[in-house]
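After the structure tokens below, expect a handful of questions from me.
The first chain written gets the first letter, and so on, giving A, B, C, D, E and F; residue counts start at 1 in each chain.
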Amino acid sequence: MSDKPISRFPVPELGELPEDIRTRLLAVQEKSGFVPNVFLALAHRPAEFRAFFAYHDALMEKEGGLSKAEREMIVVATSGANNCQYCVVAHGAILRVRAKHPLVADQVATNYRKADITPRQKSMLDFAMKVALASHEVEDADFDALRQAGFADDDIWDIAAIAAFFALSNRMANFTSMRPNDEFYLMGRVPRDK
Amino acid sequence: MSDKPISRFPVPELGELPEDIRTRLLAVQEKSGFVPNVFLALAHRPAEFRAFFAYHDALMEKEGGLSKAEREMIVVATSGANNCQYCVVAHGAILRVRAKHPLVADQVATNYRKADITPRQKSMLDFAMKVALASHEVEDADFDALRQAGFADDDIWDIAAIAAFFALSNRMANFTSMRPNDEFYLMGRVPRDK
Amino acid sequence: MSDKPISRFPVPELGELPEDIRTRLLAVQEKSGFVPNVFLALAHRPAEFRAFFAYHDALMEKEGGLSKAEREMIVVATSGANNCQYCVVAHGAILRVRAKHPLVADQVATNYRKADITPRQKSMLDFAMKVALASHEVEDADFDALRQAGFADDDIWDIAAIAAFFALSNRMANFTSMRPNDEFYLMGRVPRDK
Amino acid sequence: MSDKPISRFPVPELGELPEDIRTRLLAVQEKSGFVPNVFLALAHRPAEFRAFFAYHDALMEKEGGLSKAEREMIVVATSGANNCQYCVVAHGAILRVRAKHPLVADQVATNYRKADITPRQKSMLDFAMKVALASHEVEDADFDALRQAGFADDDIWDIAAIAAFFALSNRMANFTSMRPNDEFYLMGRVPRDK
Amino acid sequence: MSDKPISRFPVPELGELPEDIRTRLLAVQEKSGFVPNVFLALAHRPAEFRAFFAYHDALMEKEGGLSKAEREMIVVATSGANNCQYCVVAHGAILRVRAKHPLVADQVATNYRKADITPRQKSMLDFAMKVALASHEVEDADFDALRQAGFADDDIWDIAAIAAFFALSNRMANFTSMRPNDEFYLMGRVPRDK
Amino acid sequence: MSDKPISRFPVPELGELPEDIRTRLLAVQEKSGFVPNVFLALAHRPAEFRAFFAYHDALMEKEGGLSKAEREMIVVATSGANNCQYCVVAHGAILRVRAKHPLVADQVATNYRKADITPRQKSMLDFAMKVALASHEVEDADFDALRQAGFADDDIWDIAAIAAFFALSNRMANFTSMRPNDEFYLMGRVPRDK
């Protein structure tokens, strides 16, 4: 593991953490083999940590019209637009794994218009980018276009809410100078990772 | 009360809501005399509602180096930059009340550089706006400037985290087309409101 | 009245002013109960003062297809886009009074797309914002759209000319750091003002 | 003379014009050998015409710390930034004549940073461009820099007011699609014009 | 000839140059009557010089669906958008000569939407500007529009490649502070130049 | 190999190519194990192909004060800013190999301010980004800062010229919709690639 700082702010030791947060960190370590730095960096503020991950899970782990890979596409595209190194690298890895597609994350991060995605997914990302970059210009016509592309209203909420949540997340990662774990860079890139 | 729609999405009736959410709504109604529409619009998604308000309270109701009025200044300035009608109107009202200053919200919403605020508050808003609009450009020099203006590192986190949270909140309000309650417009403007 | 400076430049005393300008100031004070600071700040330059108000009156006081409230909507929307605190506050007050609508000014200042206005007024503001922000991109198609929305060509000139005049006015207020009178903030917000 | 339309709006015949406007047109024709199209296009609205030229003359013909050539530099630089074809071509011609410099207008129109101007003039144009493009960010430090470059406060007003007036003028020319007279293109370019 | 520096970098003497580059300079001097400064400034780097002009000639001197004047229009419009003084002045001159139109270059440099060009040429410049300013947003629909305007696919490549090559050229001229030769300013403006 | 189209334009067969271009393609295939798609897509235009690669080699393969890895950093940072998928993926691979650093390309592509680079390299990229995004604002002060960071004037030319060349290259890749070869995504990421 890199010895570079992972945040501009103090990072608590596991032993210092409230029980519930330590439990979550150990669980994610068990599952992933390492603790993503976002858990460590945000643990500096336990109350915000709890709200952040409750919000994250409500949007990213739920069932619905969007697949989990599609949810990660929204994260990667909007985080690229916000120049968020942590989210592009970490969620790029998750996108590769969930989409079982080793190329799609790098494509979407730089220009989703040229990624190996479906027209429906392109409509989804067009809207997600508008929410990320100019949400005050969202109009009823945007909803009509998404409905024509086959999205239910609850899917539209999901697209926009994920873009909105990562507007928060990107800014948290950027001002703390959160460092992506080295492990993310290679995840999902080679067949045995799939 | 206006009969205009308050969201592009369905707004649940009080009776349909989960117990904890209904309790919160009744409490806020008791305290404020009305239920701000953000509670009703976000109640469409109970899990997200809970995370949103837990996050909000962790940032806006905590003790620390920033006064409650200063926290609201951050909200109003960054929401103005994001053209978020709901947040400018609703948090403008709260800012007037908390600052006991009937003019400051309208000043900050349009151009904080010319508001009746202290140089320290101007430094605070310079940084909040950078987090809101170009967080990838935040550098160590920004932290140095804030420390010189008297902010502790935990205050800096608060400033940035509030700007980041309202990056989320502004986008939620914008894509749902959330309508500010009529009550907000006049709150804190006349002496008896203070 | 606030004792804050109202301009970065010297503000003449009433007694120092040329006769015609003093007369105008006394007339507006008679009518409004106070002298809006724009009259005092611009009186530093009598020749420009006369041209400014002659231009203003030619656009804002004339008869025509646009109501006086609609003219003020254009002012408030474009002044919001230009972050002009003086014009948003002062013309926001006039808009509330002329529209007999206590909410519309704050709505239009932050995001006219979500204001309580008619579709015709939204077309009007779409065009006014284009003139304010990207006038070199105005094309014949913009005129066609306005004609379809029911505007005569002379109305179109009025919309554009008001946006153009306040492009000037906003910059004058911004570089002089013109301060809105305290009286404006509450005008038109409560029933007795209507 | 070109037979291309000079405005999207009707252009009055000389005989139709109010006496004072016709007199001004005849005077400018006498002096320049032709009537610049801005006089014809704006004559569609006599009251606005009078205010426009009164304002113009108050800023461009006055005595003061700025030379007439310097005033035209401000016009050309800011009109270039606003992509105003009429003002770049027409005032470019006047700048060449007033500066007795056949190259400076084309230089300033595209990038004043590389024009044959003095450091003092570059400071002047830095400020004029800020007023033209981001006047809400003008701060006391901008005034300090201009004072250090030798400008009196009344010169600073002139710089800013000219930039502000042409913010209006550029938008008028752009929405009317005002066409520069063919005569302007060659004025001041060859020795006999100097 | 002006004695102002023509580049921030050393400019070689003719005698110091490699044979092939000297030959090219003498040929252009023979043909034009002077050596455009781009030849002198880029000769600082012979290998890059050769590639630059080979690329330039491949795009600008070739036969095809675009006339030579149309190719220069693309240069002037995109160089205006990139604020490149050298390219606007030098290629403006070439455009005037090739189009046998003394006005078109100044028109296109400031706002091609209002230039004396055909609708086909306007479509060409719309696309060239998109390539210059937001090439990642180019989509199949842009190609369809050009085909409908009568452009073959090889013409479309030419339009885009010229815009792309001058994206390079503009940046080279800007960072070297390349100075346009005085001779360019008047070329093609008076009948005997045609 | 992917069967997705690699360009919007026809891609010539090896057998159709001019001898010198075929030789270059075979040489690069011999060295890299595959033919990068930029060679195939640009071979549609042999004269431009030759100039493009002559220019590329003159900048990227030369000796000088910048290491080959540093040259690739400039490519990756500016291509990220231009949303050029081909260049970020292909040159990201080359950067990983040349820097023998599996993480640096993804870091630089999203936000070079937070990459594992030296302060000298950060200064280099600050300038490269200014050339890429606002070259008309380059001033002598930028050169002074680079000299203080230890760069010779010829290094400064290299930094700017690489940024300028990839301004061209990014636009070529974007309008042709050039597809990065699948091979690039994994290159330099695992130890055996180093």
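Everything that follows uses one rule, which is that contacts are C-beta pairs under 8 Å (C-beta built on N, C-alpha and C of every residue); 3 or more make two chains touch, one makes a residue touch a chain.
What you are looking at is a predicted structure, and each value in this text was computed from that prediction instead of being measured.
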| item | value |
| --- | --- |
| Shared chain contacts [subunit B and subunit F, defined touch] | A, D |
| Chain separated most widely from subunit C, comparing mean CA positions | F |
| Centroid distance [mean C-alpha coordinates] between subunit E and subunit D, Å | 28 |
| Whole-Å gap between the CA centroids of subunit C and subunit E | 44 |
| Centre distance in Å when subunit A and subunit B are each reduced to the mean of their C-alpha atoms | 24 |
| Residues of subunit A engaged with two or more neighbouring chains | 83-84, 111, 136, 174, 177 |
| Contact footprint of subunit D on subunit F as seen in their complex | 136-137, 139 |
| Subunit F residues within the subunit B interface of the complex | 111, 113 |
| Residue ranges of subunit E touching subunit D (in the complex, touch as defined) | 4, 80, 83-85, 88-89, 92, 102-103, 106-107, 109-111, 114-116, 174, 177, 179, 182, 185-186, 189-190 |
| Subunit F to subunit E touching residues, read off their complex | 8-9, 44-45, 47-48, 50-52, 54-55, 58-59, 62, 82-84, 131-132, 135-136, 138, 140, 143, 153, 157, 160-161, 163-165, 167-172, 174-177 |
